[in-house]
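Next come two complexes, and both contain chain A; in the first it sits with chain B, in the second with chain C.
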Partner chain A sequence: MRIWAIALNTFKETIRNRILINILLFAIGLILLSMIVGDWSLNEQAKIIKDFGLSAMSIFGLLIAIFIGIRLMVQELEQRTIYIIASKPIHRWEIVSGKYLGLAITLAINVLLMSGALWGAGWIMESRIDFGLVPAIILIYVEILLIVGFALFFSTFMSPTLSALMTLIVFVAGHLIGVLREYVQMFPDKSFNWLFKAIYTIFPNLEYLNLKMAVVEHLSRSPHAVIFGLLYGIGYILIIHLFTIWIFQKKDFK
Partner chain B sequence: MTEFAIRTEGLTKIYTEITRGGLKRRVTVGLEDLNLEVNNGEVFAFLGPNAAGKTTTIKLLTRLHYPTRGEAWILGRSNAKRETMRQVGYLPEQPRLYDYLTGKEFLDFIGRIFGLNRQDRNKKIIHLLKMVGLQGRADESIRGYSRGMVQRLGLAQALLNDPMLLILDEPMSNLDPLGRKDFRDLILELKKQGKTIFFSSHILSDAEMVADRIGILKEGRLVSTGTMADLVGSQVTGVDITFHAGEEDIKKIQNIFKEAVVQGQEIMLTLENASIVPEFLRRIEHWGGQIISVIPHRKTLEELFMSELGR
Partner chain C sequence: MTKQLHILMLIVPLIIFIAWVHPIQKVLDRNRTIQFVDKRPVFLPKGNVLKWLSMGYRGLMSDWLWINCVIYYGRRAIDEDNPYYIYAEEHKTLEAELERAGHSQSPDDIPESALVTDENLRHLLYRFTSKGLVDYIYPMIDRVTTIDPHFIQPYIFGGVYVLLDTGEIKRAILLLEKGHRYNPDRWEFPLYLGWINWMYLGDIKRTQEYLVEAVGKKECPAFVGQLLRAFSLNAHQTEVTKIYLKGISENTTNQEIQDRIDKLLEELDAAK
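On to the complex of A and B.
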């Protein structure tokens, strides 16, 4: 299967990338380091480690999306390795989807390794593994996939720097959508409201994928929230992936 | 089987570039109205200076670029259909391959794209690595390969699907003289196997040695196409005559032929009109001169190339 061939090659490319290994080691190191920070706060160690660990997974996922996701497409286009592949009996959508799939596999392994570090730290502090973190971790993975989807999308037609900036904007704006919506409701006459409205209409609301606080504080949450977050994320991923394919399909490879 | 390996009708590519922050629009004609027919089983050299449109044509044939106008057919099928490429092997100009893979892994990856099973892939990879002389370096990372080795591996990937048509963009530009000779031999060997080879080049001597037909491209337009014999082979452009003559005869000849070169009693001159050569030789004998050599010279590919480009 051609998509699988591309995915496998992408997987090899990403796991042989030193940047990825460095980011991953740094993330795992930081999660383990959180035990020291946790130690400073009375009775809150486990909570702080979990909070810190989940946030680290989210942030490092963003870094991986920017450094690996963007590089993946830009390198293919700039180094012209795409000539070899795109001239074969393969559809362009298969190339884009294969690349995305390969990256998704690498990211899944990263998230598993970071989760392992987090559970390891939790085990040391609490002598138990908190499987209650699983829904939050799954949604963090979906969030990273969504950000990578945007990174791939931007990098099909933008420079690496601009792609990185735009991906960062999506991440930040995506987490601020709730705040922007409240602002527009509180001050309906402000002149910048059109911009804020545009942002929360177009950009994904990444807070739907954020269960960190709920799982760390053991707050009761509806299972519907998890399923909704999952479907919302996957839906957005499909939409942005279709746009990426559309642009890639029309592209002349320079 | 269709008669033509490649056929294009009015193939045109116009590039529009937005510059200066969207304020200026620059339009460049990459290729204009290309009507080309490449026969099955022939070696066709596509010649032209830099930016003549050779690579643009190849990119349009391989669907790396979309045409502004016109159509192309490969082995009788529209090149817009992806499956058409199953019968095509393509080597880009100065190829860059995935340098994090080994040579063997790279070919395995290409074999997977063609849907070859593991057994077929292994068999073909071993055969091709041997053919391009990389069998001893197959497990090394491409990152450590020289440009010539990358070129050889690039050719191996182009042959992995046993294509009927090979499209090679400047295939000999990265190779040393020995490598170029191997490459020329390989092209002729592939031709013997019934494959069509379409290659672009700016190295005229290579084209002259292997091509059955050539096409010359200038500023995006095809200005000349035909067999080597049609274009350069049959036309005698001059005859060099060298002979011994007496001193007085030499003076007479020098008066008539101002450009004659004299060394002692030996005189060498060029007659541009070949039809007067028999009469001229009779006269030399009549004067008592002794003919040393008569060498007709034909137009070379380089001369044709230069005259077509208006230089």
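On to the complex of A and C.
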């Protein structure tokens, strides 16, 4: 119940945030703009709209994660409101989890609104709603939640600028990490392969949460791609969240 | 802040705009000429690097490059409907521009190998050679299809439409073969590869092989089977062309392509 109270409060706080509203409006505008851009694509309007829409969801989700996820904890520390919350009969892990849950609800509404805009644009172009996009949308949401998890984690012990930079690095590295695996497979005799293997094993491979191209082009994929992607993402979210709680428990607010 | 200062803060920008920015813009516009063709090298990294750089947004990256291709080509194609072409003709800059970009409209400059085998069809299917244009368009399409190998339209655009305008057979075949390799279930690739073998290389045996392959694919339209039958009966090339064009027209929703094919069919009937 105490987690829920913090989550609700965080949700109310973030939903009123101007940055969030601006990013959301910009994303929805971009999805609608893709209808015009699609017109220049020589009979590929539907593909362009879906590609633009799904990418907008993912990119703007990342921006929300960076701008709002990081501010979530930093704001409490800077404005010293954390003292008021911490003085209540509430555990620190409940504060962190409540904050995370509140932002997760805000992000879910954002993703739903952007999906609505994408389906609306698709309806105008194709006169039908493509529910085949749902698996990609679910995994985009999980990816955003994971990035928010990292943003929250870094913001508990780093400055906001450094936290933003580190979150961005995690995002970029997460999408490129597959190269390391390919490298090890291509050149199995290299002496430093153990390092690449270790990095690949520890870092989340965000490409496992990327079904954008597969759903837009109706490419064949493993029947378990969504469920395994979901479990993979949630697993990492739990790990990073536990680390965040651990650091937050040890943090001295003085 | 006083009321006078408020008014001054509104008037000063207006004065700067009218007396300063706007006259400069007019001078800049006067020196700017609209060009029909230009040579634009592809400065982008190779497709594999772009694929890597695009991270989780390969679809977005390939769409963006593809739209650039279409805009580039649409602006520079010699076409009576192209406003840039009309503009250059009206301003009498067309010939100089074509020469500068390595274009040629002279039939003498067209290499024999780039012509369709049937002389009656040459004037319908070949419009101009365009070195400057193909040096941009094919490398760009190669990048688009490397980033997203399942994006079908760019293969067909480069393998058929650009070929019709430029006669770049080798590049068109390479592109269609690449598409065929990555999308073995699609009927379009064996059909268009067969079409090039028939129309440009005059290799009927190879054409039939490709058409047999196309007919065996899922969702292959009926006209491909009709084409194959026409080849088996040794029908005249013009008749086969008509079956082909009608088939393409019936299987596209693009009004522009349908109109163009109707025009071609009329010209074919008139040439009889």
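The rule we apply is simple: the second predicted complex is superposed on the first by the 238 of 254 C-alpha atoms of A that agree within 3 Å, B and C clash if a C-alpha of one lies under 4 Å from a C-alpha of the other, contacts with A are read in each partner's own complex, and residues count from 1 in each chain.
Everything below uses one rule, namely that a contact is a pair of C-beta atoms (placed from the backbone, for glycine too) under 8 Å apart; a residue touches a chain by one contact, two chains touch by 3 or more.
Small disclaimer: the values here were computed from a predicted structure and weren't measured.
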Which of chain B and chain C A:80 touches, first, second, both or neither: first
Partner chain in contact with A:124 - chain B first, chain C second, else both or neither: neither
Contacts of A:179 with chain B and chain C, given as first, second, both or neither: second
Touched partner set for A:91, first chain B, second chain C, both or neither: first
Chain A - residues contacting chain C, complex: 37, 40-44, 47-48, 50-52, 54-55, 58-59, 172, 175-176, 179, 206-207, 210, 212-213, 216-217, 219
Touching residues on chain B, where the partner in the complex is chain A: 15, 59, 62-66, 82-86, 88, 90, 92, 95-98, 100-101, 105, 109-110, 112-115, 154, 157
Parts of chain C lying in touch with chain A, wherever the complex brings them together: 52, 55-60, 63, 66-67, 70-71, 148, 150-151, 153, 157, 253-254
Complex interface listing, chain A residues touching chain B: 1-2, 4-6, 8-9, 12-13, 16-17, 79-91, 250, 252-253
